[in-house]
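Next come two complexes built around subunit A: one with subunit B, the other with subunit C.
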Partner chain A sequence: MANTYQAIATVTVGSGGVGTIDFTSIPQTYTDLVLKLSSRTTLVTSVASSVFFSFNSSTSNFNNITFYGSGTSASTFNEARNAGSQNSGGSTSGIFANINIMICGYTTSNNKAYLAEASVENNATEAYIYGNASTWTDSAAITSITLTPNAGSFAEYSTATLYGIKNTV
Partner chain B sequence: MPTPTYNCIATTTLDASVTFFTLSSIPATYTDLVLVINGAPITGGTAMDSNWQVNNNTGSNYSDIRLQNNYSDKNNNATSSRFGQPQNSGRYIQTLHFMDYANTNIYKSAIARSGNSTAVSEMYCGLWRSTAAINSITVISGQSRNYTAGTVVTLYGIKAA
Partner chain C sequence: MSETLTKIVINCETGEQQVLPLTVEEIAQREADAAAFAVAEAERIAAAEAAAAAKASGIAKLLALGLTEAEANALVK
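This part shows the complex of A and B:
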(Lines of atoms letter the chains of each structure in order from A and count residues from 1; the text may use other names and numbers.)
(Lines give C-alpha, C1' and ligand atoms only; values in the text may rest on other atoms or scores of the structure.)
Protein backbone atom coordinates (compact mmCIF):
# COMPACT_ATOMS: atom_id res chain seq x y z
CA MET A 1 0.00 0.00 0.00
CA ALA A 2 1.25 3.45 -0.87
CA ASN A 3 2.54 5.59 1.95
CA THR A 4 -0.37 8.03 1.78
CA TYR A 5 -2.39 7.46 4.98
CA GLN A 6 -0.56 8.79 7.99
CA ALA A 7 -1.33 9.43 11.66
CA ILE A 8 -0.91 13.10 12.54
CA ALA A 9 -1.87 13.10 16.23
CA THR A 10 -3.73 11.08 18.86
CA VAL A 11 -5.56 12.19 22.00
CA THR A 12 -6.27 9.69 24.78
CA VAL A 13 -8.52 11.01 27.54
CA GLY A 14 -7.30 10.37 31.06
CA SER A 15 -8.97 10.18 34.43
CA GLY A 16 -11.54 12.92 35.03
CA GLY A 17 -12.28 13.48 31.36
CA VAL A 18 -11.77 16.57 29.20
CA GLY A 19 -14.14 19.29 27.98
CA THR A 20 -12.83 19.39 24.44
CA ILE A 21 -10.54 17.43 22.15
CA ASP A 22 -8.32 19.71 20.10
CA PHE A 23 -6.09 19.15 17.10
CA THR A 24 -3.99 22.21 16.41
CA SER A 25 -1.22 23.13 13.97
CA ILE A 26 -2.58 20.64 11.44
CA PRO A 27 0.03 20.28 8.67
CA GLN A 28 -1.06 21.55 5.27
CA THR A 29 0.70 18.77 3.39
CA TYR A 30 -2.18 16.34 2.89
CA THR A 31 -5.19 16.26 0.57
CA ASP A 32 -7.83 15.00 3.01
CA LEU A 33 -8.23 14.45 6.72
CA VAL A 34 -9.81 11.50 8.53
CA LEU A 35 -10.75 11.75 12.19
CA LYS A 36 -11.61 8.62 14.15
CA LEU A 37 -13.18 8.95 17.57
CA SER A 38 -13.97 6.23 20.13
CA SER A 39 -15.77 8.09 22.88
CA ARG A 40 -18.50 8.54 25.44
CA THR A 41 -19.59 11.50 27.54
CA THR A 42 -19.73 11.84 31.32
CA LEU A 43 -23.29 13.15 31.05
CA VAL A 44 -25.24 11.01 33.50
CA THR A 45 -28.62 11.12 31.78
CA SER A 46 -29.75 9.94 28.33
CA VAL A 47 -28.34 7.18 26.16
CA ALA A 48 -26.84 9.42 23.48
CA SER A 49 -25.57 12.97 23.28
CA SER A 50 -24.33 14.98 20.30
CA VAL A 51 -20.72 15.80 19.44
CA PHE A 52 -20.01 19.12 17.73
CA PHE A 53 -17.22 20.38 15.51
CA SER A 54 -15.51 23.66 15.04
CA PHE A 55 -12.75 24.49 12.58
CA ASN A 56 -10.16 27.20 13.26
CA SER A 57 -12.21 28.13 16.37
CA SER A 58 -15.09 29.18 14.09
CA THR A 59 -18.64 28.13 14.85
CA SER A 60 -20.17 30.01 11.91
CA ASN A 61 -21.12 29.02 8.37
CA PHE A 62 -21.71 25.32 9.00
CA ASN A 63 -24.53 23.46 7.25
CA ASN A 64 -25.58 19.91 7.93
CA ILE A 65 -28.03 17.18 7.10
CA THR A 66 -28.13 13.99 9.15
CA PHE A 67 -30.08 10.81 8.54
CA TYR A 68 -30.39 8.39 11.41
CA GLY A 69 -31.99 5.19 12.62
CA SER A 70 -33.29 4.52 16.11
CA GLY A 71 -33.93 0.83 15.77
CA THR A 72 -37.63 1.45 15.21
CA SER A 73 -37.68 4.31 12.70
CA ALA A 74 -35.53 6.35 10.33
CA SER A 75 -35.54 10.11 9.91
CA THR A 76 -33.42 13.20 9.16
CA PHE A 77 -32.55 16.48 10.89
CA ASN A 78 -30.42 19.57 10.37
CA GLU A 79 -28.11 20.81 13.10
CA ALA A 80 -25.04 22.88 12.31
CA ARG A 81 -21.68 21.41 13.36
CA ASN A 82 -23.24 18.10 14.36
CA ALA A 83 -20.92 15.10 13.89
CA GLY A 84 -23.31 12.48 15.24
CA SER A 85 -23.68 11.35 18.82
CA GLN A 86 -21.79 9.38 21.41
CA ASN A 87 -22.83 7.12 24.27
CA SER A 88 -23.84 8.86 27.50
CA GLY A 89 -24.25 7.76 31.09
CA GLY A 90 -27.68 6.36 30.34
CA SER A 91 -26.11 3.64 28.22
CA THR A 92 -24.33 0.59 29.54
CA SER A 93 -20.96 1.33 31.12
CA GLY A 94 -18.03 0.37 28.94
CA ILE A 95 -19.72 1.03 25.60
CA PHE A 96 -18.01 3.72 23.55
CA ALA A 97 -19.39 5.25 20.36
CA ASN A 98 -17.57 5.03 17.05
CA ILE A 99 -17.41 8.25 15.05
CA ASN A 100 -15.66 8.37 11.69
CA ILE A 101 -15.24 11.69 9.88
CA MET A 102 -13.73 12.49 6.48
CA ILE A 103 -12.88 16.07 5.48
CA CYS A 104 -11.97 16.53 1.83
CA GLY A 105 -9.83 19.32 0.41
CA TYR A 106 -9.12 20.92 3.79
CA THR A 107 -6.31 23.14 2.47
CA THR A 108 -8.19 24.57 -0.51
CA SER A 109 -9.98 27.90 -0.74
CA ASN A 110 -13.19 26.09 -1.63
CA ASN A 111 -15.96 25.40 0.84
CA LYS A 112 -15.05 22.38 2.97
CA ALA A 113 -17.28 19.32 2.71
CA TYR A 114 -17.18 16.56 5.26
CA LEU A 115 -18.96 13.30 5.90
CA ALA A 116 -19.47 11.64 9.26
CA GLU A 117 -20.90 8.38 10.53
CA ALA A 118 -21.53 7.59 14.16
CA SER A 119 -22.85 4.70 16.18
CA VAL A 120 -24.44 4.53 19.63
CA GLU A 121 -25.15 0.88 20.43
CA ASN A 122 -26.52 -0.17 23.82
CA ASN A 123 -27.88 -3.74 23.63
CA ALA A 124 -31.24 -2.25 24.60
CA THR A 125 -34.29 -0.77 22.95
CA GLU A 126 -32.79 2.69 22.64
CA ALA A 127 -29.78 2.93 20.29
CA TYR A 128 -28.87 5.07 17.30
CA ILE A 129 -26.87 5.17 14.12
CA TYR A 130 -26.12 8.36 12.18
CA GLY A 131 -24.81 9.42 8.80
CA ASN A 132 -24.31 13.05 7.97
CA ALA A 133 -23.11 15.33 5.22
CA SER A 134 -21.91 18.81 6.08
CA THR A 135 -20.23 21.87 4.66
CA TRP A 136 -18.20 24.68 6.16
CA THR A 137 -18.64 27.61 3.78
CA ASP A 138 -15.33 29.29 4.45
CA SER A 139 -12.32 29.80 2.20
CA ALA A 140 -9.73 29.39 4.95
CA ALA A 141 -7.60 26.27 5.13
CA ILE A 142 -8.40 24.15 8.18
CA THR A 143 -5.54 24.42 10.66
CA SER A 144 -7.32 23.27 13.81
CA ILE A 145 -10.28 21.08 14.77
CA THR A 146 -12.11 21.12 18.08
CA LEU A 147 -14.57 18.45 19.19
CA THR A 148 -17.01 19.39 21.93
CA PRO A 149 -19.64 17.22 23.63
CA ASN A 150 -23.12 18.73 23.76
CA ALA A 151 -23.12 18.08 27.51
CA GLY A 152 -20.67 16.70 30.02
CA SER A 153 -17.07 15.91 29.15
CA PHE A 154 -15.34 13.30 27.03
CA ALA A 155 -14.93 10.37 29.41
CA GLU A 156 -11.77 8.53 30.40
CA TYR A 157 -10.56 6.00 27.78
CA SER A 158 -12.02 8.04 24.93
CA THR A 159 -9.52 8.27 22.08
CA ALA A 160 -9.32 10.39 18.95
CA THR A 161 -6.83 10.14 16.12
CA LEU A 162 -6.41 12.51 13.19
CA TYR A 163 -5.03 11.05 9.96
CA GLY A 164 -3.85 12.74 6.80
CA ILE A 165 -4.31 11.27 3.34
CA LYS A 166 -2.28 12.31 0.31
CA ASN A 167 -3.48 11.86 -3.25
CA THR A 168 0.09 11.50 -4.44
CA VAL A 169 2.61 8.76 -3.69
CA MET B 1 7.63 12.68 10.77
CA PRO B 2 4.34 10.79 10.39
CA THR B 3 4.61 7.15 9.46
CA PRO B 4 2.37 5.03 7.24
CA THR B 5 -0.45 3.63 9.32
CA TYR B 6 -2.98 1.89 7.07
CA ASN B 7 -1.71 -1.61 6.42
CA CYS B 8 -3.11 -4.73 4.83
CA ILE B 9 -3.11 -7.56 7.40
CA ALA B 10 -4.63 -10.28 5.24
CA THR B 11 -6.49 -10.77 2.00
CA THR B 12 -8.11 -13.75 0.36
CA THR B 13 -10.47 -14.58 -2.49
CA LEU B 14 -13.03 -17.31 -1.88
CA ASP B 15 -12.66 -20.16 -4.39
CA ALA B 16 -15.90 -21.93 -3.43
CA SER B 17 -19.22 -21.25 -1.74
CA VAL B 18 -19.06 -21.11 2.06
CA THR B 19 -21.38 -20.29 4.93
CA PHE B 20 -18.62 -18.74 7.02
CA PHE B 21 -14.97 -17.76 6.99
CA THR B 22 -12.55 -16.66 9.70
CA LEU B 23 -9.69 -14.21 9.85
CA SER B 24 -7.52 -15.33 12.75
CA SER B 25 -4.29 -14.42 14.55
CA ILE B 26 -5.06 -10.72 14.26
CA PRO B 27 -2.15 -8.79 15.79
CA ALA B 28 -2.93 -6.41 18.65
CA THR B 29 -0.51 -3.83 17.32
CA TYR B 30 -3.02 -1.60 15.54
CA THR B 31 -5.61 0.84 16.84
CA ASP B 32 -8.46 0.10 14.42
CA LEU B 33 -9.46 -2.75 12.14
CA VAL B 34 -11.25 -2.37 8.81
CA LEU B 35 -12.71 -5.43 7.07
CA VAL B 36 -13.69 -4.96 3.44
CA ILE B 37 -15.72 -7.52 1.50
CA ASN B 38 -16.12 -7.12 -2.24
CA GLY B 39 -18.75 -9.77 -2.66
CA ALA B 40 -19.96 -11.90 -5.53
CA PRO B 41 -23.72 -12.50 -5.71
CA ILE B 42 -24.91 -14.89 -3.01
CA THR B 43 -26.62 -18.21 -3.62
CA GLY B 44 -29.42 -20.04 -1.84
CA GLY B 45 -31.92 -17.21 -1.90
CA THR B 46 -32.56 -13.59 -2.78
CA ALA B 47 -30.83 -12.02 0.23
CA MET B 48 -29.23 -12.94 3.53
CA ASP B 49 -27.98 -11.34 6.68
CA SER B 50 -24.21 -11.15 6.88
CA ASN B 51 -23.04 -11.43 10.47
CA TRP B 52 -19.83 -11.15 12.50
CA GLN B 53 -18.55 -12.92 15.58
CA VAL B 54 -15.17 -12.40 17.23
CA ASN B 55 -12.76 -14.59 19.21
CA ASN B 56 -14.94 -17.66 18.48
CA ASN B 57 -17.42 -16.32 21.02
CA THR B 58 -20.89 -17.74 20.32
CA GLY B 59 -22.64 -16.46 23.43
CA SER B 60 -25.56 -14.04 23.41
CA ASN B 61 -23.18 -11.12 23.77
CA TYR B 62 -23.89 -9.26 20.55
CA SER B 63 -26.30 -6.58 19.46
CA ASP B 64 -26.75 -4.30 16.50
CA ILE B 65 -28.83 -1.52 14.99
CA ARG B 66 -29.53 -1.20 11.27
CA LEU B 67 -30.44 1.74 9.06
CA GLN B 68 -31.50 0.31 5.70
CA ASN B 69 -32.84 2.66 3.05
CA ASN B 70 -35.64 4.41 4.99
CA TYR B 71 -36.05 1.68 7.60
CA SER B 72 -34.39 0.90 10.93
CA ASP B 73 -34.43 -2.10 13.28
CA LYS B 74 -32.22 -3.74 15.89
CA ASN B 75 -31.23 -6.99 17.59
CA ASN B 76 -30.30 -7.45 21.25
CA ASN B 77 -28.67 -10.37 23.09
CA ALA B 78 -27.89 -12.10 19.81
CA THR B 79 -25.19 -14.68 19.08
CA SER B 80 -23.75 -12.53 16.29
CA SER B 81 -24.02 -9.00 14.97
CA ARG B 82 -25.34 -8.10 11.52
CA PHE B 83 -23.36 -5.86 9.18
CA GLY B 84 -24.96 -6.20 5.77
CA GLN B 85 -27.61 -7.83 3.63
CA PRO B 86 -25.93 -9.17 0.49
CA GLN B 87 -28.14 -10.02 -2.45
CA ASN B 88 -28.16 -12.49 -5.33
CA SER B 89 -28.70 -9.69 -7.85
CA GLY B 90 -25.18 -8.34 -8.20
CA ARG B 91 -21.91 -7.64 -6.46
CA TYR B 92 -22.00 -5.90 -3.10
CA ILE B 93 -19.62 -4.09 -0.78
CA GLN B 94 -19.39 -4.43 2.99
CA THR B 95 -17.06 -2.52 5.30
CA LEU B 96 -16.77 -3.26 9.01
CA HIS B 97 -14.77 -0.89 11.19
CA PHE B 98 -13.70 -1.69 14.76
CA MET B 99 -12.17 1.22 16.68
CA ASP B 100 -9.86 0.55 19.64
CA TYR B 101 -10.26 -3.22 19.13
CA ALA B 102 -7.40 -4.07 21.52
CA ASN B 103 -8.41 -1.67 24.31
CA THR B 104 -9.27 -3.86 27.30
CA ASN B 105 -11.08 -1.01 29.09
CA ILE B 106 -14.02 -0.87 26.69
CA TYR B 107 -16.64 -3.07 25.06
CA LYS B 108 -16.01 -3.56 21.36
CA SER B 109 -18.25 -1.74 18.92
CA ALA B 110 -18.18 -1.51 15.17
CA ILE B 111 -19.68 0.64 12.48
CA ALA B 112 -20.45 -0.85 9.11
CA ARG B 113 -21.61 0.16 5.66
CA SER B 114 -23.07 -2.17 3.10
CA GLY B 115 -24.70 -1.77 -0.24
CA ASN B 116 -25.90 -3.24 -3.46
CA SER B 117 -26.98 -0.75 -6.10
CA THR B 118 -30.01 -2.77 -7.11
CA ALA B 119 -31.46 -3.24 -3.65
CA VAL B 120 -30.14 -1.64 -0.47
CA SER B 121 -27.88 0.99 1.05
CA GLU B 122 -27.20 0.35 4.71
CA MET B 123 -25.41 1.41 7.87
CA TYR B 124 -24.99 -0.78 10.94
CA CYS B 125 -23.66 -0.35 14.43
CA GLY B 126 -22.63 -3.54 16.19
CA LEU B 127 -21.55 -4.34 19.73
CA TRP B 128 -19.74 -7.22 21.42
CA ARG B 129 -20.10 -6.95 25.18
CA SER B 130 -16.60 -7.96 26.14
CA THR B 131 -13.47 -6.05 27.04
CA ALA B 132 -11.19 -8.69 25.52
CA ALA B 133 -8.96 -7.67 22.66
CA ILE B 134 -10.22 -8.95 19.32
CA ASN B 135 -7.93 -11.61 17.85
CA SER B 136 -10.18 -13.19 15.25
CA ILE B 137 -13.23 -12.26 13.18
CA THR B 138 -15.66 -14.82 11.77
CA VAL B 139 -18.12 -13.81 9.07
CA ILE B 140 -21.27 -15.95 8.97
CA SER B 141 -24.09 -16.11 6.46
CA GLY B 142 -27.69 -16.07 7.59
CA GLN B 143 -30.74 -17.92 6.37
CA SER B 144 -28.57 -20.93 5.32
CA ARG B 145 -27.28 -19.03 2.27
CA ASN B 146 -23.80 -18.75 0.86
CA TYR B 147 -20.93 -16.42 0.20
CA THR B 148 -19.64 -17.42 -3.21
CA ALA B 149 -16.45 -17.86 -5.20
CA GLY B 150 -14.92 -14.61 -6.32
CA THR B 151 -15.71 -12.80 -3.06
CA VAL B 152 -12.63 -10.81 -2.04
CA VAL B 153 -12.00 -10.36 1.70
CA THR B 154 -9.37 -7.95 3.00
CA LEU B 155 -8.51 -6.94 6.56
CA TYR B 156 -6.65 -3.70 7.21
CA GLY B 157 -5.07 -2.41 10.39
CA ILE B 158 -4.78 1.28 11.20
CA LYS B 159 -2.22 2.56 13.68
CA ALA B 160 -2.65 5.74 15.65
CA ALA B 161 1.09 6.28 15.83
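This part shows the complex of A and C:
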Protein backbone atom coordinates (compact mmCIF):
# COMPACT_ATOMS: atom_id res chain seq x y z
CA MET A 1 0.00 0.00 0.00
CA ALA A 2 1.46 3.31 -1.04
CA ASN A 3 2.01 5.65 1.86
CA THR A 4 3.10 8.72 -0.06
CA TYR A 5 1.50 10.47 -2.99
CA GLN A 6 3.33 13.58 -4.10
CA ALA A 7 2.63 16.05 -6.93
CA ILE A 8 5.75 16.27 -9.08
CA ALA A 9 4.53 18.80 -11.66
CA THR A 10 1.31 20.27 -12.97
CA VAL A 11 0.40 22.26 -16.04
CA THR A 12 -2.65 24.20 -17.19
CA VAL A 13 -3.10 24.82 -20.91
CA GLY A 14 -3.32 28.48 -21.81
CA SER A 15 -5.21 30.45 -24.42
CA GLY A 16 -5.13 28.95 -27.91
CA GLY A 17 -4.52 25.40 -26.72
CA VAL A 18 -1.46 23.23 -27.16
CA GLY A 19 -0.71 20.27 -29.41
CA THR A 20 1.31 18.19 -26.96
CA ILE A 21 2.12 18.05 -23.25
CA ASP A 22 5.59 16.76 -22.35
CA PHE A 23 6.71 15.87 -18.82
CA THR A 24 10.50 15.61 -18.95
CA SER A 25 13.33 14.91 -16.48
CA ILE A 26 11.00 12.81 -14.32
CA PRO A 27 12.73 12.10 -10.97
CA GLN A 28 13.73 8.46 -10.53
CA THR A 29 13.05 8.51 -6.80
CA TYR A 30 9.50 7.10 -6.68
CA THR A 31 8.09 3.62 -7.01
CA ASP A 32 5.13 4.37 -9.30
CA LEU A 33 3.71 7.32 -11.22
CA VAL A 34 0.14 8.54 -11.57
CA LEU A 35 -0.83 11.02 -14.27
CA LYS A 36 -4.16 12.77 -13.91
CA LEU A 37 -5.54 14.65 -16.87
CA SER A 38 -8.60 16.87 -17.04
CA SER A 39 -8.92 17.71 -20.70
CA ARG A 40 -10.80 18.25 -23.90
CA THR A 41 -9.69 18.83 -27.48
CA THR A 42 -10.45 21.61 -29.90
CA LEU A 43 -11.60 19.07 -32.52
CA VAL A 44 -15.18 20.02 -33.35
CA THR A 45 -16.43 17.05 -35.38
CA SER A 46 -17.11 14.57 -32.58
CA VAL A 47 -18.09 14.18 -28.93
CA ALA A 48 -14.93 12.26 -28.04
CA SER A 49 -11.51 11.55 -29.48
CA SER A 50 -8.48 9.63 -28.32
CA VAL A 51 -5.49 10.70 -26.26
CA PHE A 52 -2.20 9.04 -27.13
CA PHE A 53 0.86 8.92 -24.95
CA SER A 54 4.44 7.76 -25.25
CA PHE A 55 7.34 7.15 -22.89
CA ASN A 56 10.82 8.54 -23.60
CA SER A 57 9.55 9.60 -27.07
CA SER A 58 9.27 5.91 -27.97
CA THR A 59 6.33 4.61 -29.96
CA SER A 60 7.49 0.97 -29.92
CA ASN A 61 6.94 -2.03 -27.64
CA PHE A 62 3.54 -0.95 -26.35
CA ASN A 63 1.04 -3.78 -25.86
CA ASN A 64 -2.45 -3.08 -24.70
CA ILE A 65 -6.11 -3.92 -24.68
CA THR A 66 -8.87 -1.39 -24.12
CA PHE A 67 -12.48 -1.96 -23.19
CA TYR A 68 -15.07 0.73 -23.51
CA GLY A 69 -18.73 1.40 -23.05
CA SER A 70 -20.93 3.99 -24.69
CA GLY A 71 -24.09 3.50 -22.69
CA THR A 72 -25.64 1.55 -25.55
CA SER A 73 -22.84 -0.90 -26.37
CA ALA A 74 -19.57 -2.23 -25.00
CA SER A 75 -16.56 -3.65 -26.78
CA THR A 76 -12.80 -3.99 -26.78
CA PHE A 77 -10.02 -2.91 -29.11
CA ASN A 78 -6.24 -2.92 -29.37
CA GLU A 79 -4.56 0.32 -30.23
CA ALA A 80 -1.09 0.97 -28.89
CA ARG A 81 -0.55 4.03 -26.71
CA ASN A 82 -4.24 4.91 -26.63
CA ALA A 83 -5.20 6.02 -23.11
CA GLY A 84 -8.89 6.29 -23.96
CA SER A 85 -10.78 9.33 -25.08
CA GLN A 86 -11.41 12.85 -23.95
CA ASN A 87 -14.17 15.32 -24.67
CA SER A 88 -14.03 16.97 -28.08
CA GLY A 89 -15.53 20.21 -29.31
CA GLY A 90 -18.71 18.34 -30.26
CA SER A 91 -19.46 17.58 -26.61
CA THR A 92 -21.24 19.85 -24.18
CA SER A 93 -19.29 23.06 -23.68
CA GLY A 94 -17.23 23.40 -20.54
CA ILE A 95 -17.09 19.69 -19.68
CA PHE A 96 -13.67 18.10 -19.46
CA ALA A 97 -12.81 14.38 -19.51
CA ASN A 98 -11.14 12.67 -16.56
CA ILE A 99 -8.17 10.48 -17.45
CA ASN A 100 -5.97 8.61 -14.98
CA ILE A 101 -2.84 6.72 -15.98
CA MET A 102 -1.01 4.64 -13.37
CA ILE A 103 2.48 3.49 -14.30
CA CYS A 104 3.94 0.80 -12.03
CA GLY A 105 7.68 0.35 -11.48
CA TYR A 106 8.66 3.07 -13.95
CA THR A 107 12.36 2.90 -13.02
CA THR A 108 12.74 -0.85 -13.44
CA SER A 109 14.69 -2.41 -16.31
CA ASN A 110 11.90 -4.97 -16.63
CA ASN A 111 8.62 -4.50 -18.46
CA LYS A 112 6.48 -1.65 -17.18
CA ALA A 113 2.78 -2.25 -16.56
CA TYR A 114 0.33 0.61 -16.71
CA LEU A 115 -3.39 1.12 -16.38
CA ALA A 116 -5.43 3.90 -17.89
CA GLU A 117 -9.03 4.88 -17.36
CA ALA A 118 -10.93 7.64 -19.08
CA SER A 119 -14.42 8.99 -18.75
CA VAL A 120 -16.04 11.30 -21.27
CA GLU A 121 -18.87 12.99 -19.45
CA ASN A 122 -21.24 15.03 -21.54
CA ASN A 123 -24.34 15.98 -19.59
CA ALA A 124 -26.18 14.47 -22.56
CA THR A 125 -27.06 11.02 -23.92
CA GLU A 126 -23.75 10.27 -25.61
CA ALA A 127 -20.96 9.53 -23.11
CA TYR A 128 -18.11 7.03 -22.88
CA ILE A 129 -15.96 5.14 -20.41
CA TYR A 130 -12.64 3.47 -21.24
CA GLY A 131 -10.33 1.10 -19.39
CA ASN A 132 -6.90 0.12 -20.64
CA ALA A 133 -4.43 -2.50 -19.40
CA SER A 134 -1.00 -2.45 -20.96
CA THR A 135 2.70 -3.10 -20.76
CA TRP A 136 5.69 -1.29 -22.19
CA THR A 137 8.26 -3.99 -22.94
CA ASP A 138 11.34 -1.80 -22.81
CA SER A 139 14.28 -1.97 -20.42
CA ALA A 140 14.70 1.80 -20.16
CA ALA A 141 13.47 3.65 -17.10
CA ILE A 142 10.74 6.14 -17.91
CA THR A 143 12.15 9.66 -17.83
CA SER A 144 9.56 11.47 -19.93
CA ILE A 145 5.87 11.15 -20.79
CA THR A 146 4.24 12.77 -23.80
CA LEU A 147 0.49 13.28 -24.18
CA THR A 148 -1.02 14.02 -27.59
CA PRO A 149 -4.65 14.31 -28.71
CA ASN A 150 -5.69 12.25 -31.70
CA ALA A 151 -6.72 15.44 -33.47
CA GLY A 152 -6.84 19.11 -32.65
CA SER A 153 -5.13 20.53 -29.60
CA PHE A 154 -5.63 20.27 -25.87
CA ALA A 155 -8.11 23.04 -25.17
CA GLU A 156 -7.53 25.97 -22.85
CA TYR A 157 -7.96 25.10 -19.14
CA SER A 158 -7.01 21.46 -19.68
CA THR A 159 -4.77 20.40 -16.81
CA ALA A 160 -2.30 17.58 -16.30
CA THR A 161 -0.62 16.65 -13.02
CA LEU A 162 2.07 14.03 -12.54
CA TYR A 163 2.26 12.39 -9.13
CA GLY A 164 4.94 10.16 -7.69
CA ILE A 165 4.17 7.32 -5.29
CA LYS A 166 6.64 5.73 -2.88
CA ASN A 167 6.21 2.49 -1.01
CA THR A 168 8.32 3.85 1.84
CA VAL A 169 8.26 7.13 3.72
CA MET B 1 -2.38 30.36 -43.04
CA SER B 2 -1.84 27.05 -41.26
CA GLU B 3 -1.92 26.74 -37.49
CA THR B 4 1.45 26.34 -35.78
CA LEU B 5 1.18 23.39 -33.42
CA THR B 6 2.94 23.81 -30.13
CA LYS B 7 3.86 21.73 -27.11
CA ILE B 8 4.26 22.50 -23.43
CA VAL B 9 7.46 21.01 -22.04
CA ILE B 10 7.49 20.67 -18.25
CA ASN B 11 10.86 19.99 -16.68
CA CYS B 12 9.94 17.99 -13.58
CA GLU B 13 13.26 18.68 -11.88
CA THR B 14 13.25 22.45 -12.23
CA GLY B 15 9.54 23.14 -12.66
CA GLU B 16 10.32 25.20 -15.77
CA GLN B 17 7.60 25.21 -18.46
CA GLN B 18 8.27 26.13 -22.08
CA VAL B 19 5.91 26.43 -25.04
CA LEU B 20 7.72 25.31 -28.20
CA PRO B 21 6.70 24.53 -31.79
CA LEU B 22 6.34 20.83 -32.62
CA THR B 23 9.16 19.33 -34.67
CA VAL B 24 8.59 17.83 -38.12
CA GLU B 25 9.00 14.37 -36.59
CA GLU B 26 6.43 15.08 -33.88
CA ILE B 27 3.92 16.36 -36.42
CA ALA B 28 4.50 13.23 -38.52
CA GLN B 29 3.87 11.04 -35.46
CA ARG B 30 0.64 12.91 -34.72
CA GLU B 31 -0.51 12.29 -38.28
CA ALA B 32 0.44 8.60 -38.07
CA ASP B 33 -1.49 8.27 -34.80
CA ALA B 34 -4.50 9.97 -36.34
CA ALA B 35 -4.40 7.64 -39.34
CA ALA B 36 -4.13 4.58 -37.08
CA PHE B 37 -7.02 5.87 -35.00
CA ALA B 38 -9.16 6.33 -38.12
CA VAL B 39 -8.51 2.73 -39.19
CA ALA B 40 -9.24 1.38 -35.70
CA GLU B 41 -12.36 3.51 -35.39
CA ALA B 42 -13.66 2.25 -38.75
CA GLU B 43 -13.04 -1.33 -37.59
CA ARG B 44 -14.89 -0.68 -34.32
CA ILE B 45 -17.87 0.81 -36.13
CA ALA B 46 -17.95 -2.07 -38.63
CA ALA B 47 -17.81 -4.63 -35.81
CA ALA B 48 -20.61 -2.89 -33.92
CA GLU B 49 -22.76 -2.71 -37.05
CA ALA B 50 -22.09 -6.39 -37.83
CA ALA B 51 -23.06 -7.38 -34.29
CA ALA B 52 -26.25 -5.33 -34.48
CA ALA B 53 -27.13 -6.86 -37.84
CA ALA B 54 -26.51 -10.38 -36.56
CA LYS B 55 -28.69 -9.70 -33.53
CA ALA B 56 -31.54 -8.38 -35.67
CA SER B 57 -31.23 -11.34 -37.99
CA GLY B 58 -31.32 -13.76 -35.07
CA ILE B 59 -34.41 -12.13 -33.62
CA ALA B 60 -36.17 -12.25 -36.98
CA LYS B 61 -35.45 -15.98 -37.33
CA LEU B 62 -36.69 -16.69 -33.80
CA LEU B 63 -39.88 -14.75 -34.49
CA ALA B 64 -40.35 -16.80 -37.67
CA LEU B 65 -40.14 -19.94 -35.53
CA GLY B 66 -43.08 -18.69 -33.46
CA LEU B 67 -41.38 -17.15 -30.44
CA THR B 68 -42.80 -13.94 -29.03
CA GLU B 69 -40.73 -10.78 -29.33
CA ALA B 70 -40.04 -10.86 -25.59
CA GLU B 71 -38.83 -14.46 -25.81
CA ALA B 72 -36.63 -13.73 -28.82
CA ASN B 73 -35.11 -10.65 -27.19
CA ALA B 74 -34.43 -12.62 -24.01
CA LEU B 75 -32.53 -15.28 -25.97
CA VAL B 76 -30.30 -12.91 -27.91
CA LYS B 77 -29.64 -10.45 -25.11
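FYI, the second predicted complex is superposed on the first by the 166 of 169 C-alpha atoms of A that agree within 3 Å, B and C clash if a C-alpha of one lies under 4 Å from a C-alpha of the other, contacts with A are read in each partner's own complex, and residues count from 1 in each chain.
Basically, a residue touches a chain if its C-beta (ideal position, glycine included) is under 8 Å from a C-beta of that chain, and two chains touch if they have at least 3 such contacts.
Predicted model, so just to flag it, every value in this text is computed and none were measured.
Enquirer: If subunit A is used to align the two complexes, do subunit B and subunit C fit next to each other or clash?
Expert: In the superposition, subunit B and subunit C stay clear of each other.
Enquirer: Looking at A:Ile8, would you say it contacts subunit B, subunit C, both, or neither? Reply first, second, both or neither.
Expert: both
Enquirer: Just subunit B (first), just subunit C (second), both, or neither: which does A:Asn111 touch?
Expert: In the superposition, A:Asn111 touches no partner, neither subunit B nor subunit C.
Enquirer: Given the touch rule stated above, what does A:Ser119 touch, subunit B (first), subunit C (second), both, or neither?
Expert: A:Ser119: touches subunit B, not subunit C.
Enquirer: If we overlay the two complexes on their shared chain A, which of subunit B and subunit C does A:Ser139 touch? Say first, second, both or neither.
Expert: After superposition on chain A, A:Ser139 lies in contact with neither partner.
Enquirer: For A:Ser73, using the defined touch cut-off, is the partner it touches subunit B, subunit C, both, or neither? Pick first, second, both or neither.
Expert: Both partners, subunit B and subunit C.
Enquirer: Going by the contact rule stated at the top, is it subunit B or subunit C that touches a larger number of residues on subunit A?
Expert: Result: the larger residue contact count on subunit A belongs to B.
Enquirer: May I ask you to decide whether A:Ser60 touches subunit B, subunit C, both, or neither, giving the answer as first, second, both or neither?
Expert: In the superposition, A:Ser60 contacts neither subunit B nor subunit C.
Enquirer: Answer with first, second, both or neither: which of subunit B and subunit C does A:Ser153 touch in the superposed model?
Expert: The second partner, subunit C, only.
Enquirer: Could you look at A:Thr45 and tell me whether it touches subunit B, subunit C, both or neither (first, second, both, neither)?
Expert: neither
Enquirer: Determine the nearest approach in Å between the Cα atoms of subunit B and those of subunit C after overlaying the two structures.
Expert: 9
Enquirer: Based on the A-chain superposition described above, do subunit B and subunit C contact any of the same residues on subunit A, and if so which?
Expert: Overlap of subunit B and subunit C footprints on subunit A: residues 8, 73.
Enquirer: Residue numbers of subunit B touching subunit A in their complex, please.
Expert: It comes out as residues 2-8, 31-32, 63-74, 76-77, 97, 99-100, 103, 105-107, 109-111, 113, 123-127, 129, 131, 158-161.
Enquirer: If you look only at subunit A, which of its residues touch subunit C in the complex?
Expert: 8-9, 11, 13-14, 18-27, 49-50, 52, 59, 73, 75, 77, 79, 81-82, 148, 150-151, 153, 162
Enquirer: Within their complex, state which residues of subunit A touch subunit B.
Expert: 1, 3-8, 10, 36-38, 67-74, 92, 94-98, 100, 117-125, 127-129, 131, 157, 159, 161, 163-164
Enquirer: Going by the contact rule set out above, which residues of subunit C touch subunit A in the complex?
Expert: Of all residues in subunit C, those touching subunit A are 5-15, 17, 19, 22, 26, 29-30, 33-34, 36-37, 40, 43-44, 47-48, 51.
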